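Two complexes are shown next, each including chain A; its partner changes from chain B in the first to chain C in the second.
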Partner chain A sequence: MLWIAIRMLTGDRQKFYGLLFGIAFSTLLITQQLTIFVNLLERGASGVYNVSSADVWVMDPVSRTSDVAYAMPSTALDQVRGVAGVEWAVPHIRGQASVRTKDGDLEGVAIIGVDDATLIGLPKGMIEGSTDVLSQPDSVIIDDVGAARMFPGASPMGERLELNDQRAVVRGIADAIPSFTSTVVLYTKYSQALRYVPGTRNRLSFVLVGAADGISAKELTERIEKQTGLKAETRDEFAQGGVNFIIENTGIPLNFGITVLLGFIVGVAIVGLTFSLFIRDNIKQFGALKAIGVTNGKIAQMVAIQAGMVGMIGYGLGVLGTVGFISAFSNNPTFKGFYIPWQIPLISFAAMVLIITLTGWVALRGVMKTEPAAVFR
Partner chain B sequence: MALLPQNLSFSRRILPIIALVGLAFAVFFIWRGLPDRSLSEPDQEPARATGALANSSRVAGAGLVEPSSEIIDIGTALSGLVTDLRVQPGDYVTKGQPLFTVDDRAARARIGETNAAIGEARAAIAEAQTAQRTAEAQLALYRSVEDSAAVSRSEVIKAEGDASSARSRLQLARARLAAAQAALSSARTELGRLTIRAPITGEILAVNIRPGEFVSTMGGNSQPFIRMGETRPLYIRIDIDESEAPRIKLGAPALVSPRGAADRQVNAEFVRAEPLVVPKTSLTNSASERVDVRVLQVLYQLPADAEGAEQLFRVGQQVDAFIPAVDGENNGGGKTQETAE
Partner chain C sequence: MSGQNTTTAIRTRGVTRDFSAGQNTITVLHGIDLEVQSGELTYLVGESGSGKTTLISIMCGILWPTQGEVEVFGTDIYALSDTELVNFRLQNIGFIFQQYNLIPSIDAASNAAVPLIAQGMDRKHARERGVAMLEKLNIADQADKLPNQLSGGQQQRVAIARALVHEPRLVVCDEPTAALDAKSGRRVMDLLREVGVAEDRSVIIVTHDNRIFDLADRILVLEDGRITHDGTDMPEDH
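Entry: the complex of A and B
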């Protein structure tokens, strides 16, 4: 009997593919837009996630994100080191500078100075070169997206730059997630960064802290804040802070929210209309089935299996489309580091189930009321 | 249900399979694509408090290695050209050992000159003595003549005058000798001042002059000529933020490691805390530099027998230090830790 339902469904190819298209398209729209939305927001946290070994970030109480930070006096490092439960603490500087390229162009760059001795603060992976190059004089490591932006079509290795009247030589390319503004990032040692970033009295932007065994990062942040009066946040809190900053200061959530809503509405409209039209067209068949004694419950099952099949195939194709989209653009610097959070397919699945049940239920009401005599009309 | 395998329906059979395979692929892709945000251990050992300090209240500070005598910038008493350099960086010199000499030709010429003046003065003395003797003899001769008419009164007066003036000339010549001898002594002193000697026993840390260069008493060169200091033992001067200063347990040994070798820590003995709290030296090179951080400087002595300490700590090197703190005082930090543990 259920097989009949499926044959009914696929009998009219146009309607079947119309239904599939509607569901696949709205799945694609919702999943893909949500993915880009989440990834764009997480660009605000990329500065935090690029540093792989710090449990806790310590900053001035007015600092907000990894890029909006107010510098502290250099003794803040020692204050943090004096807190029990801090296994290690290293200085971290993030500053803006203008760089003059070989052609004379001016480009705004972010300078990230990492601890001289341990190089804590560098991204985990390198695309070209090794982190040891920072021990050579005037070395900087550029991030891969920045390299593509600043030296299109050429290798940046060995390029000379002029930073704050100082020489800088690119000797490595780091594998890093770009920031929200996709600024070119130059990594160098802390002492070197002090020379590259035009000077103010206080330079230390952050203190990166590793928690000792047996103390949670959260507990440690409270201890640091109590003892030093500085602001301390765990890695996840600080990453969330960066995301919140973008939510508060840009129109992205509103714009993408509208797109996701539109995807939902388009999905409901296409699927709902096609599905209810399909049911209505088949009302004679349902009538005939009723005439030969098929119960309403069995018919509901049939409609459910029809909806389930269309939904499953459409959803599968839609998710596949999103995956294809993300992987096709994964080499594009704009989409560097984009991924599909596992929650998003579940959300779009829930949306899909909602659309299907909604339209199926509406269509089913008509079938339920159908009298067996309808077959003769 | 007369569906045979040979007339496979695309919509009914293949499409669902494509969708399922696609879903499985998507799950795999999504799972693989999730970003790696795990925390990793740093590759290189950062400075950390170990042992008893690891989980108790402590004060951290950065410091510099310095000689126990502090660094002595050797100056010169006299300006001139460097003619001879007797030491090189790393030499261990004893007190009074010559370090370098300044051009002494002028001083030596003066010595020759004064020697000549001494000879001249001696000759003048001899000459004056002869003249005196002659005059004395003449006067004695006149005096021995008893017949007052034989010698005129004026002759006698003249002879007396001659004798007296010869005595004065002798005195003058003696005074000249004394003056020439004094000049010689002064020239010798000057010669001695042209050899610059080590003020203490210690190690030569830097030599910024080369033979032929001009050294001036006015400074002039931005760099000190020679820097030296007693490096046995070495001291460490640790800057402690003034806000942390009350917490520090003075007298307790500090755990010290040089930059870049954080895993090789040594225990340094407390020497003293400087009585003067000074502005923190921060090297920003800014013209409008202001200071609002002041630091208490605490001195610690590096153990001389620490394994490889010679290679590990060098004068001027930056070190990280951890010092025990006074427990549970003044800012509740210690108390929270106690309750937390």
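Entry: the complex of A and C
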């Protein structure tokens, strides 16, 4: 009977494709929007993810994220270095500056100053050039997304910039995760960054810390906080803080939430309507089957297999569509590093199951209510 | 009668059926008592609203009577559980519907095989039996066609094949000739008699097609929920 159910479903091509479209579109909308949402949120933590070697971030107690930080006195570095369990501690500065390009345009950039000696604080990979270039005078390394934005269609290598009246030369391109706002990021040595960032008495944004063997990052944060009065967070905690900051301070969750909800509603509407029409068109056949002697349980199985088949194919198409979308735009700086977390297909699968269950149940009610005797009327 | 060793195919005792219409109750059948023998081609004739569809629905186990008993080949069908009754219909009753109700997306042979598939027979063997039945009805050459590729008469034969393929003991037909011209109608009735009526099988036909009244073994006339005539011919006043 299940074969008959599938033939009934696929035989009415218009409705079959309509159902597939409904589920696929709904899945695509939910999966794609959730993927963009999660990846955008994660960009709130890009500053942390780009510094993979630091176990602990130490900051002023009022600092919240890698981009929202209150500067500390330089003595904070020595205080942290004095805490037992700290393997190493290096200064890290993050500031804003205006850059004048050779075309005369003005662009707001983020300046990140990394430890002069160890270069801890730089992204792991380089697309062009090497990290050694920072030892040359006035050198900066630009992030790849920033390079594409600031020098579209041209190589930034060797380009001279005017950074707050200071000379800077681009000598490398870093493979970095873009920030939430996709601001151009220039990496340089800490000592150089102090020249680029407008001066205040305190300039140290963070102290990056490596934990000694035998002590966990969490335990070290507690020690640092207790001993220095500064705020210390593990890498994961600080990354989560960046994500939370975006959730709390932007309308993004609401906007994406509305789109995901719309995807669900569109799915329910299209699939519900088409499935109801499909069942209504076949109600006489279902009635005849009931009269002939097909049990309600078998009929329910038939409707379930029809709904399940449409759901699985439509879901597969929707997820494939999302994968295609992400792949197609993978070279676009806006979508750099975007991936589909495994939880998202599960969420859209659950949404699809809900849509199919809801619409299938409504359709099944119509079939179950049909008396076999109706076929004689 | 076409057979010698007949048994009672259907026995009804005091079958009454009420329907609710708002706050009113309408009695459609008034204590019907009848017996139908196997080997008979029985017509159930009456005007619209006379209760013939209700009676045939009750006789084949798809509509519960308000009162009374119905035995089909000795089984009190409304004493069975729901599942048993459904299974009883699947094993013992063949249906031919006025609008055929064939499944549009499967071919004629598969449509004919539906009761066997529902009984759990594998599709290949069921389809072979379906083709064999279509052969008896002289449309085996149409076995691979979808219902919408067949004429009304051919669809009717597929419906007949579906009703007979599982060799039921009771076949019920609802207006089998309503959509056919006189010649085709008589041909279908001849086929039904030839293939459907057997010693151990009974065929009951609901009709008001006076072109085929002469082909019946027995005619029951229903008026206002009561049997007013039971004979081999139609009464003269009809």
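Of note:
Just so we're on the same page, the second predicted complex is superposed on the first by the 375 of 377 C-alpha atoms of A that agree within 3 Å, B and C clash if a C-alpha of one lies under 4 Å from a C-alpha of the other, contacts with A are read in each partner's own complex, and residues count from 1 in each chain.
In the analysis below, a contact is a pair of C-beta atoms (placed from the backbone, for glycine too) under 8 Å apart; a residue touches a chain by one contact, two chains touch by 3 or more.
Fair warning: this is a prediction, and the values are worked out from it, not measured in the lab.
Applying the stated contact rule after C-alpha superposition, one finds that A:Ala269 touches neither chain B nor chain C. Legend: residue contacts after superposition of the two complexes on their common chain; A:Asp55 is shown touching chain B, with no touch to chain C.
More residues of chain A are touched by B (comparison of chain B with chain C). Of the two partner chains, chain C is the only one touched by A:Ile292; chain B is not. When the two complexes are overlaid on their common chain A, residue A:Asp12 makes contact with chain C while staying clear of chain B.
After overlaying the two complexes on the shared chain, residue contacts for A:Glu371 are found with chain C alone; chain B is out of touch. When the two complexes are overlaid on their common chain A, residue A:Trp3 makes contact with chain B and with chain C alike.
By the document's definition of touching, of the two partners only chain B reaches A:Ala212; chain C does not. Overlap of the chain B and chain C interfaces on chain A comprises residues 3, 7, 10. Here chain B touches chain A in the complex through residues 1, 9, 11-12, 15-16, 18-20, 22-23, 25-27, 29-31, 33-49, 54-62, 239-241, 243-244, 247, 259-260, 262, 280, 282-286, 289-290, 292-293, 295, 320, 322, 325, 331-333, 336-337, 340, going by the rule given at the top.
For chain A in complex with chain B, the residues that touch the partner chain are 3, 6-7, 10, 13, 16, 20, 49, 52-55, 73-75, 77-85, 87-90, 115-120, 124, 131, 177, 194, 199-201, 203, 210, 212, 214-215, 219, 222-223, 226-227, 235, 309, 312-317, 319-320, 322-323, 326-327, 337, 339-342, 345.
Residue ranges on chain C touching chain A, taken from their complex, read 53, 56-57, 60, 62-63, 83, 86-91, 93, 95, 97-99, 101-106, 110, 114-115, 117-118, 123, 162, 174, 206. Against chain C, the residues of chain A that register as touching in their complex are 1, 3-4, 7-8, 10-12, 284-285, 287-295, 298, 371-373, 375-377.
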